[in-house]
């Protein structure tokens, strides 16, 4: 018998029954006692095109009822290795952007201070900025970043510096990320400018374009990614639009020709050993989704990340 | 300051945030201390055509986040008048029909024994039978029944006596309902047989066909309905297919030419004063819904019923 | 035991099982021996905006599995009164308009010559023209026409005289309809020209606009319609866009503010006694439908018409 | 031959062909020379629940290709009476709310200063506030307001004073509207507080709840509305959620039991004679729409308003 | 000129015309004289999560109108090689599980006894159990099984032994399948328990997980599969959820990261030479489908299987 | 500062704002002064199964707002290299096929005579025939053709020689294409006849079936394609159904197992250096699309083609 929170068992209670929490785990109101806190950030105030990621956490929760308890490849049983719960949604103002950024930072800080590592369901990609402010308090983090877009633009609409196209530029400027330990995988799609990625590259970010990924495959790419992250604390940010729009249509800025889900799953599985300080799955926008497919993709990627994070926590505990 | 459970306030926390419970009320695991228990029965094992009502409670919960606190016509503020909570879903076997009927009866019995009146989100219409077994323990109840179908058939498929087309025949046979105190409103659609409703009429059930409703209007019809129910304990069963399929497409057996939602709302508001022992909203089948419209209709009808039930509870308490 | 074709009984075999025919009737390859032939015309070559009515017969058949055997208001049991079957789809060329018109005329002629009266699932409204050529061989017919549009324009696109906006002008010119015995009900929507309906009115067609219908109601309007049709052979053409787009969204040229389905049903029921030589339900365009709602509306209107036609046939037979 | 802009004729060029402008009118870049400017405000930064009205103008334009040239009831031919064009979309910042309000005010001011009256496709209902700032420069306007919600709340989320639930409170505070000349029609749905509408009523706003409308009908209600507006300049604001969700599902805050579209059309037609300074149709949110139905409803309501405004302009010109 | 049943030719009659049968073949009421009987089993009583496969046969028939007569790779022309027809749907009780299992067994037995090999459109995966009871009367069969799930669990919901998660365990226990001649391909997704597949492996079933398939490719995997099946009679069961949810979203238990359709097609083509006693395509659940994509996938996989089976029949006949 | 037309910048004006033109370019009424004219042909009169491609240009325009200015792989900035605009839709009769073919030929001739190369958004594949009549005036062109179907049939429906299944046979017969310089890539799906492609092969067309493509990959296949086209003027025709239906569901004749979008993108990128006289993207049928995915795919493929064509124009100009 385990001492940790366990999900409702779908072999006992059907998946469509009961309250909808992340992976059918207990809902808690504080992260105290948790190793990993699953938390939603229902906010999309940084979205420049199609909003809707504010509805992401609810639908990811809904689809996550399809998750079970053991990873069939790695054999990781996350709920045996770590204490995990659904820590609810952060309370975020949908109207006032600057206040929203504060609320997100404060909400995540509370989780971090309680000793839990957050695994987040966004929200648009600007949510990652205040999350990093909370998580990278002591030192800049590394970043393994799956995305169709680099999100390192400077500003939009004549001076808007906080949008879902700018978080990683801001994070570097604020010293939250170490660009030398950053890798972006899956970048593609037409660009605004010829020199659009020059700033990022000059800072030291390694950009692995989609075409390079297709040529090299998951193993090779992830070996490089792990080397970049090194064995320092690292943030993993998974933008759902890194996946092909046919497999994740419910997102704000779809770009043709992305990862197959099985490629994305393979890459996350190869994160084993990385010291993941926190992680997120962002840009799931249910109003544009088809049949819950994107939310299911988001929930599955969260489960993949959860397995890595739980194994990591257990290993660390064992070391001490 | 109220002593009762209060819903999350959408003027403070956006409707899309937080766990999805009925009307954003607290989730409880026991009905102890409640006046009214909102409960889901995610089961559709009695469905003869298009299944899907098993997913009803989840989507009704989801859409019920649009409800607020005060009824704009009656001025009833249900959460001030009664202690109400989301009592969760009953745990029901989706594979074994006879066992499911027992589980539903047991689950509702526990709520009734705790002193709460259940307001149920189905589930298909066969769920009403075991609910009645739990609620009508002492004496047969009256029934005010909104539906496109009489649901008083004897059997289907060469002898299946328990389907969503037979619950009220079984309930009368089992002495759970008093047919002289039963009224069915909105009945319409083509029939299997010329004498299809003869049994029901011979038992004393008053059938008000859709065409009679259209001619008479809500006030007149409900005056008769209240007289039939008299001031004895009465069950209210609201089949979502009583409403026109254009306003409630997500259901298993749609029939053209039903109630407008505003007519249905007007009728439920005219239940004021009826002693509602328990009530349900059934046959919301999300896989056939369009844009959540049917679930929103179901959630709104639950709120309309809740206002009547809460006012009733408060008045009774006042009397003692 | 009846001597006529009977539909599969949904109380014995579920509605989703078995081949999909009109009202679950036997499929026949000849109209010999039938009183009424249900026939599909999967063609929309006359459509000026959104095509799709070519898919109408298949989806109307699909949804017609929800029909049962007895009309709940009139108590007509059509399958007891007349021999009825699914006579299949006409074989119509989707590419060559003039040839299609011939094929439709020939196909319906075969049915008429076999002694059956056709009840047709279109197809766009231009299908009615060749049908009339087959049905009105001996003398011009009267017309009771439910539609948002008068369909009496002269031509489109610089001279196209055969489109779904012109059939009734052509039919009058060809002597197939007697304009003095024509009534159009439900006409509405913005017009191309101020004098758009002047030709029709000058010919003697009675146009009852939607607003007049709303003011007068079904009984009054249909009394006038029956008087116009008199007791001579009459064609009934039901364009699904006469119904409000919220209840019949799957059509090529939706116009806001149409009939409620229950109003349309009431009107068709008031056709009792009219000598319906043939009838159609047209402009159901499944690619634009939502959840099968329009096809269900079409199937139900066919059942309403079928009851009138069957009762009419039986009465005539009785007379002889 | 007319001297005014004319729409592309659907009897010559199919509705699906050509660039999509409001009612197939020419696109212009300045309002100079126009009597009425059709203008889009693609912005929903004030939305508290489901965003998406930012996509409204594009889809309303798309569906407006179904409009023709002459109103079939009033016989108004707007394009003969006034010079009308598609003046494009205002350029509005989607990220910075306060700047967006300025941009909207400036954009509408340019139109008003050019001598044209704006007929606006929103956008959420907060867009009406900066529009009023531009239109009510000289004196407070009257308001005829169709809506499910009063939109006179004070603030949300702990102090957010500019949301789509607050525009009319702000407008009164700013002296843009004369509350004694304001009428709100169709208000319904549950309320946050018992006293929610007390402020509005104390200011002198006449609220006609949905139930009062149902009892009295369009003629009686609009006679009162015209009397309230008197013959002073008046703004007409049409929130699409005043219409029943079955007919306008694509909106952020649907409320059951609203207007039938034909009731809404009848009411707008009864605005004849009102001096409409400007008007809007707001809260059409395409990501939540079904089959373009809500956008078609929005486009049709714009055409209804356009006819009234054009006739008004022509009458005024005639007077001088 | 062939002596066998031929499909309607889409180059003569459009695909949207005519009754909807499997691959536009004649509908027959007995399997007498057929080599291969295409048969539907519209039943999903074993489904533990999202029901809907009961609607599978109808929609697979609908989409199968896109099939033509000759396989473009193998050049097999199945309708030249074998006599094939649409043998209709089995009549199965949707309410009573144990009776349904009997009805399915009896229905398939009649086909087998008539000398035809069944190619089945399910239905959920529990349908395979009674089919095996009918087909494996003489000796246990081998099984080539494409699926995301092993479906060898013991029971659900506290003792339910007959669900769509248990058929192959039951079939082995009943001696219908020889586990040594069983291979499961494409298995993936999180597991309930660490030892979930231990029973299957202990019995001798070869499980080829998705990741092994991705590494080895269709040719290598199918060479092994053919070796396992040997040249004994073998059943082929194709669960549509083996295919990626982006290509087959309409199913009850989607699992990310499945086969591309072209991989699945390649594998079935490599079944040439296997002695297929019967085959099925199961778990197509239209209420969850998107645009008919899953039904089209199901219909195409049936055509792929049909080609193999027809070639097999012809070869066997040639041998004798 | 460039001298050429520039698209609206999404970093300044949101993508959802403003009139919807191809890639947010200026709309022009004449092709004078353009190097490349983006033009829509909203017509599907040659469609034998599911119509809807008439709506293609509007939705491709809509989704093309997601394109930016620089190709991220080739670094081509098309709007810097060539003068490009949205030249609107051709005006085509939807009712009269032969007249439509003339109108298309005339419309494209005007563009060609103005000196611009057309890049076309269809329309069904029969549109390519009259386009070729306009473009191949001087000499037969080569053809690089991406499609699931060869479209070289002779006739349909008893003699219809002009359908979307016959354009390339007609074009060869008319001397518009040189079959020796033709290559078709991606052909797949079941065939009507065993010898279906024999005519095409006998003429000299190189057919690369899907299975050959899968085995060889984009580089190898396109090296052969470029060799076939040689350095003579070549037409590129991209039928959206060449792409897998999961990525391009909105088309009339979907065939399982097509290109991944990233494979299609890779192939078009390898057209660099080919002298593209004109190109089209056809068979995008929005009524069958899911969430705009197919239109986005069509728009992206147009952008890919545009980059090649613009670079080609610039290189040619440089040479002179």
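Every chain is named by a letter (A, B, C, D, E and F) in the order it is written, and numbering of its residues begins at 1.
As a working rule, a residue touches a chain if its C-beta (ideal position, glycine included) is under 8 Å from a C-beta of that chain, and two chains touch if they have at least 3 such contacts.
All values reported here derive from a predicted model rather than from experimental measurement.
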How would you label the subunit B and subunit D contact, same or different, if same means the shared numbers make up over half of all numbers there? different
Applying the document's contact definition, name the chain pair with more C-beta pairs in contact, C-D or C-F. C-D
With centres defined as the mean C-alpha position, give me the subunit B-subunit C separation in Å. 38
Taking each chain's centre as the mean of its CA atoms, subunit A sits from subunit C at a distance in Å of 56
For subunit F, jot down the residues that touch at least 2 other chains. 13-14, 16, 48, 50, 54-55, 94, 156-158, 244, 246, 288, 290
In contact (per the touch rule at the top): chain pairs: A-B, A-D, A-E, A-F, B-C, B-D, B-E, C-D, C-E, C-F, D-F, E-F
Please output the residues of subunit B touching subunit E within their complex, sorted ascending. 44-48, 50-52, 54-55, 93-97, 156-158, 160, 162-163, 287-288
Per the touch rule above, subunit C residues touching subunit B in the complex are 9-16, 66-73, 75, 77, 244, 246-247, 260-262, 265-266, 290-291, 293, 296-297, 300, 303
Residues of subunit B that touch subunit C when the two form their complex: 48-50, 153, 156-158, 187-194, 196, 209-211, 214, 244-246, 249-250, 253-258, 288-290
Residue ranges of subunit B in contact with subunit A within the complex: 13-14, 16-21, 27, 40, 42, 54-55, 57-58, 61-62, 86, 88-92, 94
